[in-house]
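Each in structure tokens, the structures are laid out below.
You will see chain A twice below: alongside chain B first, and alongside chain C after that.
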Partner chain A sequence: MTNANSREHRGSRFTALLLCLVPIAFVPFLLMNEQARDFLSFRDGFLRASVLGTMLLALNCGLLGPLLVARRMAMLSDTLAHAVLPGIAAGFLWSLTRDAVAMLTGAVLTGVLSSLIVSLVGRSTRLKPDAALSVVLTVFFAAGIALIKLISNAYPEANKAGLDRFLYGQAAAVSDADVVMLAAAAGITIITLLIGYRGFLVMAFDEAFGRAMGLPVRALHYLQMLLTTLAIVVSMEAVGVILVAGLLIIPASTAWLLSTRLHRVLWISALVGMAAAPMGAFLSYTGENRPTGPTLVLCSGLMFAAALLFSPRNGLARKWWAWLQHGRRIRREDTLKAIYRHLETVDFRPLELHTGEASTTEGELRALVRHGLGEWRSAAFVLSPAGFREASRMVRNHRLWELYLTQHAGFAYDHVHDSAERMEHLLAEENISAMMRVLGGPKTDPHGKRIPSLEDTVESLRNQPANS
Partner chain B sequence: MTNRAPLIPPFSWHQAIVEPWTDHQPGTLWMVLTAILLAVPCALLGNYLILRRMALVGDAISHSVLPGLVLAYLLFRDLGTGYMLGGAIAAGLLTTLLIDFLTAKTKLKSDAATGIAYTTLFALGMYLVNRYTSRVHLDAECVLFGELEYIPLSEPSALRVGEWGFIPMAVLISLGAALAVGVLLKVFAKELKVTSFDPGFARSAGVRVGFIHYGLMALLSLIVVTSLERVGILVVALLVLPGSTAQFFTRRLARLHLLSVIFAVTGVLGGFHLGSWLLVPTAASIALWGGLQFGAAWMGTLALQSWRRAQMRPAR
Partner chain C sequence: MTPAVEFHDLTVSYDRKPVLFGVDAVVPEKSLCGIIGPNGAGKSTLIKAVMGLLPVEGGWTQVFGGPLDKCRQRVAYVPQRSSVDWDFPVNAMDVVLMGRYGRLGLFKRPEKTDRAIAAEALEKVQMSAYADRQISQLSGGQQQRVFLARALAQQADLYLMDEPFTGVDAATERAIVTLLQDIRGKGGTIVAVHHDLTTAPVYFDHLLLINLRLIASGPVEEVFTQELLQKTYGGRLTVLSEMAFKGMKKPEFRDPRE
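What follows is the complex of A and B.
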């Protein structure tokens, strides 16, 4: 691993840590608020259960999400989440009570069945994965709705499974028993990942290689589906089916933005999920009418946005900044070139410039001064040695490129200016020396103007009046 | 619980097939007509979605129109059709823009980008609903399977057709949406075809690929929000099932369109009667019937393939 690489890794770990510290940074501000103090004291048993529960389910989803995202199966979580509905209804039918075990078993069974059908459709038809996923999603979901209606027609007295809660979730209703269940699910996920880490690692990046290695690829795939379905099923009551998909996808994508090593991604994703959970719980506890599930997903969405903007490796803020700087550099170089041309007309005597001359603006000249490329001497502007060197470099690049195009690329001498305007900023010194060799050390460009060289620069500087 | 009804009611020809068209007129006609008017444009749009590998975007948009609807309501304090349509189309376009932005600017693939966009927007919508419009109840059943059954009871329009009485407003709205989709798809048929099959060639031939892409998404949002009220999030079934089923029979776009329209109509009719037999929400039974059609076509194709393979095996 090269030095630059490890620095980047350190950077991404640092950002991940920062992201997770964001909620903690709020603590001092919030201690002033009575409700916030209430929240942070964790005296409320229901609150404790719901915070713990959401953190555990976020941990579970955070660990499983990266594998889905790496295998381009993120939307499978959506299909699984919808496909558990008929299983829940069937489990309800089995016992005719809201018996958690029967409903969970049914849900896991139909979830895994749906993933089975998705891969069957994918293997035996022309349909692309997205179409296969939508077909299975919609048919299973419709079957679930129909089954629920059939049950309520046949057993009007039966206690309905509570569609509202299934759809939207209710984190406040997490009981201590649910916390135990969520902890067990997270534990199963962690143990499975620890045991089968290498297998999942290979699966995440190169399934064909895994098959060639003799890994039980299909078994691992269905194991992953089973774990994901389990995670969805246990999380469903707290955050609702639609938003469970968000908890699987968003922290995982955040982590993939920050790193490309699976073990780091798993850590970061779990941390992001677990940081978003108390944030969501806190916001929904302190405000009125703020549902926990959506708040939780919005918080992880915010963390995703933060990672998107400020990721050290390829954050958008850095890219935009670089783009802005590039634009500014080009503008500075164009100003320098204009000044050089002006000085050329007066034969470099005097070597100074007044605002407005060479159609430069005061702002442009100030930018040059800021970058040490020039300075003010009373009312006149003088290029610094560095500025003069840059200016003559630009003009040299421009004229050399024009000459090269006319002599070696068959361009007419009046059709080369626009290209040179762009290339002058991009040419590197080794390109220049190569062109110099090819052109045989030319002195003038196709328009008869002198191509500045290092000797010119030295000579002009010698002519410069000694300053005080 | 000795005298309970069976889970699956016994099939009665009269109750499931005949009665709806005799005793429950004109309600049945309006319901079936609305469903067909929604299913046909959905199937046509769905074909393009499947070709462009964007079938899940339909699902995503059906979720993410929610914040658009809520924001339109919060801004204008009006539940009028125009505002709702505007909000939904804006939200649909925002979803697509987000997905495109994330796939272009990061190394995330389109599935992850779709998942991020729709879950975040849906969460935003639910948050806004709970926070600011606690009195406007977000009915779970309505979101799940719409209210196709209530069309005969819905607000009547001023138009009257002989003995059938006034046409319900819902029928006219669906007709308008269907006509809009039909006309636009016809006008841009060539562009849609070339951008769906070969976007690179389309760009080099001077077709405005981005315009067609976002136009299609706006149209999708329009039809999704019109259908959402009637069939709930099962609108995805109307979008993908007919086209996916038709894929088994042909690879030509024109035949694909024809077949998917046929499957859409048979899906609505079959689903309607399935619903009157089982007494389940019509939207769900339409999706189920569509799934049965898909399953039959799939199994039939598989059987045909293995039969052909058996034929080709040299005789001993």
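What follows is the complex of A and C.
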């Protein structure tokens, strides 16, 4: 078990690394493109700042996202993100310039206000959290949009200042000073998590237990909310308020699919975010009218889709493959059963079979040959010894189950066929021996047909009639 | 001898549900005490109040003769199994290690001895083989054992358990009972919420009978009587439960002319 587990861990680590290497696969293709060469050469200082900036903010969001997902607060991050918009606009109105301090202060204030309202509504009404979150999100966002429209009418120069970019984000607007700020924000998050990780873990898993042990759970909650608000506020110019929640939640959800230990989820999430960031920044950089928010979130979404499909633990691809194999096995077993029944009616002579007999198709027979269950003799099909054994097993399972249901579960004998059609493929040998025991080694099924045994040979069967 | 837990005129209100009124009782040290009563009687509320998880409206509780804050690390709390999300990305060992975080505080990392204590706790509930298992892959009984191991890792003197026998298999129930008796044998005290009347007199040596108020408390042979049980389960005091509900709401304005 330990072995299987560590193999799974290696598997998930491998997939996580592979996911993060996805961007590198694009490199040779990109070198053909002049703009791309420009991007990759990193000569452009503005570009350097914008790529570095997006990576730092993706790191910050990637580390904070898993805690939100773990505490079922994914929607709260979206509400917080939208609620900072009126704060930005109000900050602009107050200072009448793009004064960063005024706008950031406004953003933090309305962000905090929105989460207070959400918890107030949750505590004092019958309203469920999703409704409360939606009300606050839409109202604050509407207020933000209205204020921005008002500002751009009254102060045309505000348009130049680019209040619009706070909606969709523009990584190109990241300056060297912003990079320092983003690095500081990411640093605060990293240090807080390094010190307080165990506290956050207990809070997210079992808050009451944490409080009972005397851990400062309330304080940790407010700290988490503060860090999340900060991450949103410092990211909003580059990514935009509409989609910044995607950077918090998508890498976290991707990591959630890949690991079952919270600390691994944290670092995988950070890696996924940081891998998506340069891709998004590049897409935004190389095209006109490609705001960074959407490109960044699309790239994260791509990685989520990859994890959803190819996660080693429970990826859809693996599930589909297993399902497909299972379906094929059942079809093979049904063919074998049909052949056995046909052979039974002709007293096992001749053993050869032609396509179409026992309603078999050529494809079905070929599948049996491929799996070593039969072979071609000139134009005729013959079961191999393994195939004959398998066929006996299926017919035995079917008839034994029918007998068991009629004798021990009170089923009518004409009500058992459909159930047996399913169960024959699932019965294991220990189930069979248990049934044999309680039924006392029966020889015939409820319809009077002989129940085969795995020891049967063609010779032994030829010497007795099928219906005894 | 100072009692392990003392309730003095304790009154609690909680989330629009019925409340507890004026509970006066003691749980002696080294006892295996069951809290018995019908659904909604306030059994869980009583132990949550001891742990300070609910605001107390009146009265007080004491643990080992003092406020909880003085001896928090001597008390282990085992919440109801359904109170957490078992899809959470942690394995059994991670959960048991959480039992050490109280003593360690926020800033100290668990050391080798902490891991050894956690491993030993898993061993005691026969879950060592599942230490690496993600908790969603455990059965209900196994999950309850992990919760118990987490409490054991706290190395407490008093264990407060909320419905430890709910939704567990017969083998787990036996294992838990043996473990609780073992704890008491070593001088520990256990207070467990329980709702199965057939097993209550077998498992416990002390009982609190509760239905919104204390009906009786004392040694099993004195308290587990037909008369007191009928009083506990035979219907509520209507006025008391009505007032319990009203007490939660703002007083309604009544027009005196009506």
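A few points about this structure:
In the analysis below, the second predicted complex is superposed on the first by the 417 of 468 C-alpha atoms of A that agree within 3 Å, B and C clash if a C-alpha of one lies under 4 Å from a C-alpha of the other, contacts with A are read in each partner's own complex, and residues count from 1 in each chain.
Heads up, the rule we're going with is that a contact is a pair of C-beta atoms (placed from the backbone, for glycine too) under 8 Å apart; a residue touches a chain by one contact, two chains touch by 3 or more.
Predicted, not measured: the structure shown is a model, and the values here were computed from it.
Shared-chain residue A:Ala173: touches no atom of chain B or chain C. Judged by the touch definition given at the top, the superposed model places A:Ile188 against neither chain B nor chain C.
In the superposition on chain A, A:Leu137 makes contact with chain B only, while chain C stays out of contact range. By the touch criterion defined above, A:Ala154 lies against chain B but remains apart from chain C after alignment on the C-alpha atoms of chain A.
Contact with chain C, but none with chain B, is seen for A:Arg261 once the two complexes are overlaid on the shared chain.
Once the two complexes are overlaid on the shared chain, A:Leu223 sits clear of chain B and of chain C alike.
Contacts of A:Leu243 after superposition: chain B is touched, whereas chain C is not reached.
Of the two partner chains placed around the shared chain by superposition, chain C is the only one that A:Asp206 touches, whereas chain B remains out of contact. Here chain B and chain C are compared by how many residues of chain A each touches, and B touches more. Looking at the shared chain after the overlay, A:Gly301 reaches chain B, while chain C stays out of its contact range. Shared interface residues of chain A (contacting chain B in one complex, chain C in the other): 72, 256. Residues of chain A that touch chain C in their complex: 1-2, 5, 70, 72, 195-196, 198-199, 201-202, 204-206, 208-216, 256, 259-262, 264-265. Touching chain A in their complex are the following residues of chain B: 1, 4-9, 50, 53-56, 58-59, 63, 102, 105-109, 111-116, 119-120, 122-127, 130-132, 134, 140-141, 143-145, 233-234, 236-237, 239-241, 243-244, 247-248, 278-281, 283-288, 290-291, 294, 298, 301-302.
By the touch criterion given at the top, residues 69, 72-75, 77-78, 93, 121, 124-128, 130-131, 133-135, 137-139, 141-143, 145-146, 149-151, 153-155, 163-164, 167-168, 242-243, 245-246, 248-250, 252-253, 256-257, 287, 289-291, 293-298, 301, 304, 308, 314, 316 of chain A touch chain B in their complex.
Listed in rising order, the residues of chain C touching chain A in the complex are 48, 51-53, 69, 72-73, 75, 77, 79, 83-85, 88-91, 94-95, 98, 101-102, 104, 106-107, 109-110, 129, 132-134, 150, 154.
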